[in-house]
Amino acid sequence: MSNSAIERAAAATPPKLARRVRGLSDRAIAWIFVAPTIFLLLAVNIFPLIWTIRLSFTNYRVNRPNAEVEWVGLRNYQRILTDEDIWQTMQATAHFLIWTIVLQVLIGFALAWLINKKFRGDNFWTTIIVLPMMLSPAVVGNFWTFLYQPQIGLFNYVVSFFSGVDPSSFSMIGEVSLAPWAIVIVDTWMWTPFVMLICLAGLRSIPTSIYEAAECDRASPWRQFWTITVPMVLPFLMLAVLFRGIENFKMFDLVVQLTGGGPGSTTELTSINLKREAFEKWRTGYASAYAIILFVTVFGLASIYVKALNKVKER
Amino acid sequence: MSDFSVIAASRTQKWVAGTLVVGYAVITLLPLLWIIATGFKSPSDAIAYPPKIFFEPTLEGYVNLFTTRTRQTAEFLAANPPQTWYEEIVRKYDMVIAGPSRFGGRFMNSVIIGFVSTFLSVFLGTLAAYAFSRFRIPLKDDLMFFILSTRMMPPIAVAIPIFLMFRALGLSDTHAGMIMLYTAVNLSLAVWLLKGFIDEIPREYEEAALIDGYTRFQAFYKVVLPQAATGIASTAIFCLIFAWNEYAFAVLLTSGTAQTAPPFIPTIIGVGGQDWPAVAAGATIFLLPVVVFTILLRKHLLRGITFGAVRK
Amino acid sequence: MKTRIALMSAAVGALFAGAQTASADDLTLCWAAWDPANALIELSKDFEAKSGHTMSFEFVPWPNFADRMLNELNSGGQLCDLMIGDSQWIGGSAESGHYIKLNDFFEAEGITMDDFIPATVAGYSEWPKGTPNYWALPAFGDVVGWTYRKDWFEMPELQAEFSEKYGRELGVPETLAELKDIAEFFQGREIDGKTVYGAAIYTERGSEGITMGVTNALYNYGLTYGTADEPYKLDGVVNAPEVAEGLEFYKELYDCCTPPGSSDWYMSENIDAYKSGQVALQMNFAFIWPGVEADPNVGGGKSGYFPNPAGPGGHYAQLGGQGISVVSYSDSQDAALEYIKWFAQPEIQAKWWELGGYSALKAVVEDPDFATSQPYAQTFLDSMAIVKDFWAEPSYASLLLAMQDRVHDFVIAGNGTAQEALDGLVEDWTEVFEDDGKI
């Protein structure tokens, strides 16, 4: 390090300020640096969480400021867990979650594998492919309703162009049998690049020496793929699945713009259902209990999953 | 090496891989190109069957996006000939421009809330990340995990108590409220990303500075900060993109004064139904900055989307 | 002496002007984004000129209107000074104190509710219903009615074919069954080289669409909300077998005679379909009629209008429309009241009708020239005479969401039977009223 640069920098610091901070120990600085973050997160996350837990035991409703708030114990929880409609939204969420992850993993991995062949312009095309995931899901989701319109929508037209089906004969977001797939398609379109990028990092982390050794042993490419590539990428892939899982469990903006939960309640994912309870019916206490149940579910599932992930990494 | 080498692909393999990837890229780009194209269509071209790939471009969508229009009587129209090119476009429908639309304001809200919250979260995040990276802090791992776990809550669940809190504090539909909320939400990302970046800066630099008589604070902002500049910049862009795209909080906690563009754009309607060219025009203007940022971010993209868990 | 008077009047004038500028407020009026709102901008220019206040408008499209505005009210927001809120919000807004009570103001300004169409006073202003407690001034009368392609109905070859098939003339339907016949007749027909469909009806899921549509069938098959003696009696009333028949009718109409892909349609989609010549009939609120008349494709005599046809159990139509209220969180309540006072004047109301706003003032609609002033004026009057509204309870949103869910699930998604859908609805509604402590 050049001494002169440091001396110059030291000289440039106003003496008053320097004196004031010089007196601080590392420990004090550590706390000064961390405190605002912790404080803000406490104020915006933990305090509300505690408030939500409290509310979840009451029948409080935001739109009834004058009504008496009663303590109802575990009744909200009991009602939610025995409500068939809520189990239905859980099923819709599970369908959405499982299929988006399956498709995104398959397509994402395949793309990463192809890009890793390092053809000319691979960096440019990777950037192009990544674009959808960076865009606003609400704005894009809204526009997809236009693409999905029977007859005039691009999607129906493209499908009819390739399959010969009449473009006005089906409505992706209007039919019970198609709507769950309509949201899977858009989510896959948006988020496959995410899985792809992570897989690509995984593929690039494999040292070439391993393949070289395998080739010396005359292992077939097929065998190399299954014994080297897949196991080495697996931790990365599992991480991608974790992120997509949490994100899609929380899914709201994209689907609310696409289908609004319809037709009927076919695509009413838990977040959309929760929004109805909390901000349309204004059953605040009930919705709070609902929110806590969801939070515990995500947290529990994610913790179990992270344990599994760590095991895979250790191997 | 043989043709089947996994390490270095053959020409044919490269060619096939390239074609498949480019094919996918083109398909994936179609919806975005369609948004841009629709922005330049007239309303009747936009809903034509079959969809029109070639059309006569017009700025109607953009005019409709930025103005409100009212219908007028034939006498009024005859007495007041159009003065500008955009007046002329509107006249085709026997309408006159009554004033600016709310899009400009909503777009500015996005800009203000996005930039201020990004600045705050990166500022606070850098301090916290430095402390987490360099000092011994009790329960460090737990604190870091706590910071991350705040992102697991569904936004709707968080919004319930926040709604009550904002109402009690008079923060509903205010810039200050939204900035505070987005700052808090982005902080976890900022801390995790920046800790990764700062971890990579060798401690020796600071130690040398400390030996030379620097205070800890001077070492931080004269030595560490410049080294972390790229990391801070890319973190900032990630925070900005999040704030820019956020919808759930915006739709539940703002109604007008502080409403950002994402909840607004889907509600742009013309006479009768949704005015798709205007919606597409709004979407184009709104999405374009993110496209630019994404291209700038290329190198750090992976890190950003995985909270620093995967580094290239 | 003369100078003194002049001086004094100057002083008074200055005082007055000073007072005016001091209290010149910027009022924000919140309403739905639709044609009448644009007419209100025009109308309000007169208020701005006369009062010195400036007006801003926050218009939200119908599918988001209730969501956004109730959120705004419940958060105690100050965005809106004046709210033209939907009729069903009145109970909740009165009980939660979102609106200020207008009785004293009406009394002081000599505004009396006797001057307004009774159905609109009951629908838009009163809470509790049937009591003289007013929270809004009827601002925009509206009701579901039907628009039809007169030019198609008058085609001789179609008339001939129709009377051969159904044994009566092709004309305005008297009953819902006749309406379905006509829709069926047009469905899939080739007219002017284009395939057309029967009817555009409300099927929207997200806000209130399908409920506002299906009630037009249900009322006329005998649906009542509770009974006269027991206002919250639901079982055996709401899910009576004849009401289930009405629900089946709506599903049959949807299945047989609507355009493909119309599974999530409300006002604007119906307008689009009608104006682009896709359908022979459309169900829609009366507010669209001025726009239809002015439309280059379907206006100028090509369209006709009729009230919702009768069914086996009665003759009703779903009430729409809104009253104008002052938001209690507003800082400019006095100026907002000034606006209402200005708006209630007979000449302003007359101009309101001229610009395409449906005035609810008796003086306007009972004018001898009113019925002939527009082709749809008589239909509007006939329709307003048979209105019925959805629940206006404070829990209306929960009631509405349950109905949206149950009805959409049966009519559009095709799950279960009509009876099961209504049984489920009774269950949901009972739960809501139990939570409210009403039963």
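Note that the chains take the letters A, B and C in the order they are written out, and that residue 1 is the start of every chain.
Here, a residue touches a chain if its C-beta (ideal position, glycine included) is under 8 Å from a C-beta of that chain, and two chains touch if they have at least 3 such contacts.
Note that this is a predicted model, so its numbers are computed, not measured.
Look at the CA centroids: the one farthest from the centroid of chain A belongs to C. Two chain pairs, B-C and A-C, are compared here, and A-C has more C-beta pairs in contact (counted per touch definition above).
Taking each chain's centre as the mean of its C-alpha atoms, chain A lies 16 Å from chain B.
One simple way to say how far apart two chains are is to compare their mean CA positions; for chain B and chain C this gives 38 Å. Each chain gets one centre point, the mean of its Cα atoms, and the points for chain A and chain C are 40 Å apart. Residue positions 71, 74 of chain C each touch two or more of the other chains. Residue positions 62, 151, 279 of chain A each touch two or more of the other chains.
In chain B, 47, 163, 252, 274 are the positions where the chain touches two or more neighbouring chains simultaneously.
Residue ranges on chain C touching chain B, taken from their complex, read 28, 33, 35, 38-39, 41-42, 58, 60-61, 64, 68-69, 71-72, 74-77, 79, 268-269, 271-272, 275-276, 291, 294.
Across the complex, chain C is touched by residues 59, 62-66, 149-151, 168-169, 171, 173-176, 260-266, 276, 279-283 of chain A. Considering their complex, residues 47, 68-71, 98, 102, 163, 166-167, 170, 172-173, 252-253, 255-257, 267, 269, 271-274 of chain B touch chain C. Residues 1-2, 4-7, 9, 13-15, 17-18, 20-22, 24-25, 28-32, 34-35, 38, 47-51, 124-125, 127-128, 130-132, 134-137, 143, 146-147, 149-165, 180-181, 183-185, 187-188, 191, 205, 208-209, 212-218, 220, 222, 241, 244-245, 247-248, 251-252, 261-263, 265-266, 274, 276, 279-280, 282-283, 286-287, 290-291, 293-295, 298, 301-302, 305-306, 309-310, 312 of chain B touch chain A in their complex.
Chain C makes touch with chain A in their complex at residues 67, 70-71, 74, 92, 95-97, 205-206, 260-264, 394-395, 397-398, 401, 405, 408-409, 412-415, 435.
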